[in-house]
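When the chains are written out, they are named A, B, C and D in that same order, and each has its own residue count from 1.
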Amino acid sequence: MTLWRQVPGGLIRRRTLLQGMAGLAAVGAMGRPARAQDMPTLVNSIRSLSNPYHATWNQGGEAFAAAIGAPYVTLVTEGDSEKGIADIRAILQKTGGNAVINVDPNDAPDARPIVEACVQAGAHVLTQWNKPADLHPWDFNPNYVSHVSFDGVEYGGRTAQVLIDAIGGSGGIVALGGILSNTAAIDRRTGLEATLAANPNVELLDFQVADWQSGKAFDTTSAWLTRFGPDIKGIWAANDDMAIGALEALRAEGLQGQIPITGIDGIQTAVEAVRAGEMTATVFWDPFWQGAMGLSIPYHARTGTFDPAAEPPEHREFYGSATVVTTENAESFYAEHIAATPQLDFEDLWGRVSGQIRQS
Amino acid sequence: MLTAENLRKSYAGVEALRGVSFEVRPGEVVGLVGENGAGKSTLMRLLAGTQRPSGGRILRDGQPVSLASPRDANAMGIAMVFQEQSLILNLSVAENLFLGQDGEFVRHGLIDRRALRRAALHQLAKVGLDIDPDRRAGELSFAQRQMVELAKALALEDRVDRDLVILLDEPTSVLEQAEIDLLFSRVRDLQSRASFVFVSHRLDEVLAISDRVYVMRDGAVVAEAPASAVTPADLHQMMVGRGVRTEYYLESRQEPPRSDVALAVRGLGQQGAFRDVSFDLHRGEVLGLAGVIGSGREALIRVLFGFERPDAGGMEVEGQAYAPRSPADAVARGLGFVPSERRTEGLVMTLSLGANITLARIREAMTPWGLSRSKEQALARDWISRLGIRTPSADTPCRNLSGGNQQKVVLAKWRTAGSRVLILDHPTRGVDVGAKEEVFRLIRDLCDEGVAILLVADTLEETIGLSHRVLVMRDGAISAELPAPAGGKPEQVRIVEHMV
Amino acid sequence: MTTTAGKGRASARLWTSVPWRALAPVVVLAALCIALGLAADNFATAGNFARIATSAAVPAVLATGVTLVILMGGIDLSVEGAMAVAAVVAALVLVAAPGALGAVAAAFAALAAGAALGAVSGAIHVGLRAPSFMVTLGTWFIGLGLAVWLVGGGTVSVRDSELRVLALVRLGGLPLSVWVALGTVLIAWVLQSRTRLGRALFAVGGGEDLAAQSGVPVGRVKVAAFALAGLCYGLGAVLAVAQLGQGNAEIGTGRLFAAVSAAVVGGTSLLGGHGGVLHSLVGVLVVVVLSNGMILLGVPPYLQQAVQGLLIIIAVAVSLDRRGQGLVK
Amino acid sequence: MITLAAPGPRLRAALPMLVLAGLMAALGLAVPGFASPATLLLVLADTATLFVLAAGLSFVIVIGSIDLGVTATASLAGVVTALLLPGWGGWAFPVALAAGLLAGTVTGLVHVGLRVPSFIASLAAGGVVGGLTLWLSDAQAVTIGQTDRPWLDWVAGETAGLPHIIVVAAGALLLGWGLQRLTPLGRFGLAIGASEPATVASGVRVARYKVLAFALSGLFAALAGIMLAARLTSGSPTGASELLLPSIAAVIVGGTAITGGTGGVARTAVGALTVSVARLGMTFLGVDAFAQQILFGVVLIAAVAITTDRASVVVTK
């Protein structure tokens, strides 16, 4: 049972795959006009479907598309900026610009060519997480509807604070960072460092990079156990995968639950670990919301529900609100968001605005 | 008894064998001669099971057999010792001996290495080879490898319950005289257990070892005779369909060398290989280098051409000090090298004839606008007609040419490069009789033009016949220098006595 | 041209009679360990060696697999794809069938999935005579795609499954996974040196056409080698799933180049025919000890990649037998 | 065992082109509008960077080696461009190109001088270059500011609807083709790939030309890095890292043998377009994202199976 709850897309996937294959085989039958001629194609462009975060994102997109009966396309960059941009241009070309695009750019700079292509084609676009600091939705009215991010600095700092509280406000911690040049990795590390500056009794023993991967985090944590041994009072990780890798390295030595670990992202395994008391905290961004509302907002702009140009800046570039999951709220959070199918009000466009993005 | 009846084989519509009938009787050594392309190798491949006939049949002791693979042929007691070295160099001698047949040594799924070693020692003893079967094949000398191949073929007698037929495809082409003698004595010893088919370009050898000789021409057997009844000249005439030129090595064209020295070598040595080698090579001179494998002559020519560096002594080219750090330096100073391994070192087989001809001096094909295909092709066509290279076009990849024509392309390359000193390493290896004569003529032409030639030849006869002087090497040092002027050629025995 | 015995210099002969080149990777490993032992107090401790062994288990199994293919002169790029499929299959079986029996079934299913993908690579390579480099690049993508499709992109958590005894139960101070990896290397070593298939791998690596001439069934040997390699990747996936408590399509990320580097650092020639699984084990240890050491020494993250690159070049440069090989591609 | 009829050499040389044409025709029929000039320009523009990277790589693959460091070099060039544009203006481009040339040369020297297999030498050199790039960029993407963007117009701009990047790629194609066809380098590269011993014995300074091949690979990679940075208006230290496998695929699918000795830049252009059309084609066809990787793998194998020249090789490794 766990499996199907965990990957609700599993069975559907197989069908869509077969449809895709069949479509390719019967190539001549492809490309007939869409059923709903005027309905824009909804597009989610994400890094990859092989990680649970973006897989859930994709499910959000599917749910919204099903709700309004629009055609839906998922594009994956596989970490290749060129491919990401090329695919979006291709879809714009194919739909003649009648598209609503929700994109998590592979890298911040990708956002500019993507937005420019969408503007040129007349599609509506919303970006998430990554964009250059000098690229603003209000410079591209009305097509560039919004940019949504989550405050990596804030939440990186907040998980660090939870960790520091868990170890009693003093002692040494180690930190696992994501890919060095990655914007999210940089922000979360900045938050960590800010919190550390405010807690002079806590020492950062070492900062290492595990490229977001649990396997590398496992090896790094093992080596840390040699280097620092019992001096490690807590482990901060910039994402949940690495936190899980660290947790399993501890478990291999029977230390699970004895050294607090925090992660970020709110994937299911991490939330379960928090429930079990083996992790101390994670941050839930709600990728289902990101995948669904990232389409709903530009869709409503396109259909005229609101005029982007008339919206205040805090609706154009905003931080979404996230949930810090700790041992205190883990049970209720699990019941609400993981055990049950997520329920979203797709019309509630601005419900999770938690403030305008800082201009650094 | 192995019999072939009216065997036919065609490749893409071209008939390579046109109804060959052939017989090997028990305990017999059968010689098989013919020019390249006469169909010898094709016949051997059919008998060894590596290819299948298009028509006709093969009989073993009177029963028709189908040889679809070397394995089938082995089961019929037929084994082949291949022309190219076919040992796998990173495997041990024992593993090579039983490659593909190691099933009999498997105990509980694992190879019983002691049994394998015992069996290998047994097989090596048959050919009188005293080496450790656990050594890697790559560590052996060429002669030892050839013996291992022979032992590998003979190993068959323990597996099949009948007399053996061993096919020897040019087994002597890489061997020196002493080693050939050893091989022949082994073949005679083994005649009680096996019959042999012996293919070679060296007609005197064929007659020396064989009981009976078949001559092939144009895909058919044109003659069959007892070896005692024919001479090399007879065989040659039957092979090419005309008489041997009385003057095989064009001795009358041998002019005295010029007085100026092209290459001077003084006290040259390389530790462990050769020492204190000194000689002068004059323009227009052919200097023959005789010696067995291990005498140091291979190492010497590799040092002369810059593949390796000497530890002692020095060299001069045309009066200027010469210390090559690479073959490129050698070429820049006007040296050229015709290697014995034509397929790997002589030519880039997949490139066109034109590209190979200009490889050593590409500027001959350059124009102010870059490399010009048309200039290159014009150059190539010029050489094709001057050297009589038989090729469909100047654009043909070299791998599609016959051995003799390939060798002409190698010579054309060095003449294009303007080489004034040529090192010829076994220039007639794998070249058929007709083409050999053309190579000899080209060597004489080069001398006339004043090119200096250092020759390491296939046979002593060839060395003596072509050279103005012969240097004999033994154990890394020059043991004799014999003049070989036209009309005053030394006896072979005089050279052999300095070799061993 | 004679290029081997008979023309080496006398002193050189004496020098080369000791197989320095073959031993060089071991010397590199020993030197690395001694240097780290001097530089970092806690490097040479039982606990750290156990951790190094734990970290080396998965790479060792993967490098063993890739070595079998490299010995033939081929290359197998499908490591990450095969691992992904196998890991996901293992996790799905674990979820569907809990308990010890489920764990066994999961392990076998993963091995089968890895072997199947390997066999497909081998069959395409042999059947279509397409270069192994490109075929396995293709099966890499196919494997990843299959894995993503099977789980719809998610991660399957198997935190409490019985399979995890591999990582969590210790024997003689080392997790079972280390013993499994060691056993695998040993079995592969016996296979490589004492079975017909193993010797055929060397024969194919030394001269494929010659081996075929001598009656070695080259096609079958190749397919078998790719399938066995796939089996190893499947096992690597099982160990990784047991270690990390989850199965997903990204479990193999970054493991291909590490495995090939380890094989080459250990002295296995990419041209085929030389080296073996024990060499690769040494290579894996060099790489794992190095990354362990860099963390012990606190090398800044952005330098680690560069340091590792430099050390790999040095290790390979000192251990390559240049006399034996005419060319280096 | 499937035996394919061996096509003649002329047909063989044209096969990659036929595969591409077949793919385009199928897509043109299946997707109305795919065959439009606008779409074709789009495909060309989106193939440009991949092609330039693969073009450099083909110099190395032709000699029978491999360069796994090209993407690190491309990222380095992108970062150098982004860092230097504010202070140095247009001089940033030659410096970035020189950096790529240097990175390639060093890789070549390690490979040839230390006789380390190119697979490992370039992998390791790529690691070193990557570390250097992270250090230079302070481990973050370097944005090219508004004021410096006019400098990028030669890549990112458009003239009369024709994206400049296509012209740049065409220039790279012409340069690469010229180098291979009109200079000794091209001929010697083929010779080295087909038979290194014969090339050495012909007096060609093989080591020099091998290093030169790697240097060119670095130079082209740097150009690709500049193009990438110009399109993204920023230089990312890991920006090109995912282009490695597609670029190798492009070279091989174009008909250059991975073992060397045949092929070249012009074929790589066909190969890059094939890879690009296959990927974009799936987007146009609406193939499910879950199936795309599987299909791409299948297409890759099929293309290689069709274009591999089996006639000239006895042994397939």
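The rule we apply is simple: contacts are C-beta pairs under 8 Å (C-beta built on N, C-alpha and C of every residue); 3 or more make two chains touch, one makes a residue touch a chain.
These numbers come from a predicted model, not from an experiment.
Trainee: Just how many steps, at minimum, does a route from subunit A to subunit D need if it may pass only between touching chains?
Mentor: Steps on the shortest route: 1.
Trainee: In terms of C-beta pairs in contact, which of A-C and B-D ranks higher?
Mentor: Higher contact count goes to A-C.
Trainee: Report, in whole Å, the distance between the mean C-alpha point of subunit A and the mean C-alpha point of subunit C.
Mentor: Computed from C-alpha means, the inter-chain centre distance equals 34 Å.
Trainee: Taking each chain's centre as the mean of its CA atoms, how far is subunit B from subunit C in angstrom?
Mentor: Measuring from centre to centre gives 43 Å for this pair.
Trainee: Where the CA atoms of subunit A average out and where those of subunit B average out, how many Å apart are those spots?
Mentor: 70
Trainee: For subunit B, which residues are shared contacts with two or more other chains?
Mentor: Each of 339, 341, 345 in subunit B touches at least two other chains.
Trainee: Send over the residues of subunit C in touch with two or more other chains.
Mentor: Those would be 144, 148-149, 152-153, 302, 304.
Trainee: Using the touch definition from the top, which residues of subunit A touch two or more other chains?
Mentor: Answer for subunit A, listing residues that touch two or more other chains: 13, 17, 49, 58, 180.
Trainee: Looking at the whole structure, which two-chain pairs count as touching?
Mentor: Pairs of chains that touch one another: A-C, A-D, B-C, B-D, C-D.
Trainee: Please give the residue numbers of subunit A that touch subunit D in the complex, ascending.
Mentor: Interface residues on the subunit A side: 13, 16-17, 19-21, 23-24, 27-28, 30-31, 49, 58, 73-83, 85-87, 89-91, 93-94, 107-110, 112-113, 132-134, 179-181, 183, 186.
Trainee: In the complex, go through subunit C and note every residue touching subunit A.
Mentor: 40, 42-43, 45, 47-48, 51, 54-55, 58, 84, 92, 95-96, 144, 147-157, 159, 167-168, 175, 240, 243-246, 248-251, 253-255, 288, 291-292, 295-296, 298, 301-302, 304
Trainee: In the complex, go through subunit B and note every residue touching subunit D.
Mentor: 305, 307, 326-328, 330-332, 337, 339, 341, 344-351, 355, 358-360, 362-363, 366, 369-371, 399, 413, 417
Trainee: In the complex, go through subunit A and note every residue touching subunit C.
Mentor: Those in contact with subunit C are residues 2-3, 6-10, 12-14, 17, 48-52, 54-56, 58, 177, 180, 206-209, 211, 213-216, 218-220, 222-227, 229, 244-245, 248, 251-252, 267-269, 272-273.
Trainee: Flag every residue of subunit B that touches subunit C in the complex, lowest number first.
Mentor: So the residues of subunit B touching subunit C come out as 50, 69-71, 74, 82, 86-91, 95, 99-103, 106, 109-111, 113, 138-142, 270-273, 293-294, 296, 298-299, 302, 311, 339-341, 345, 425.
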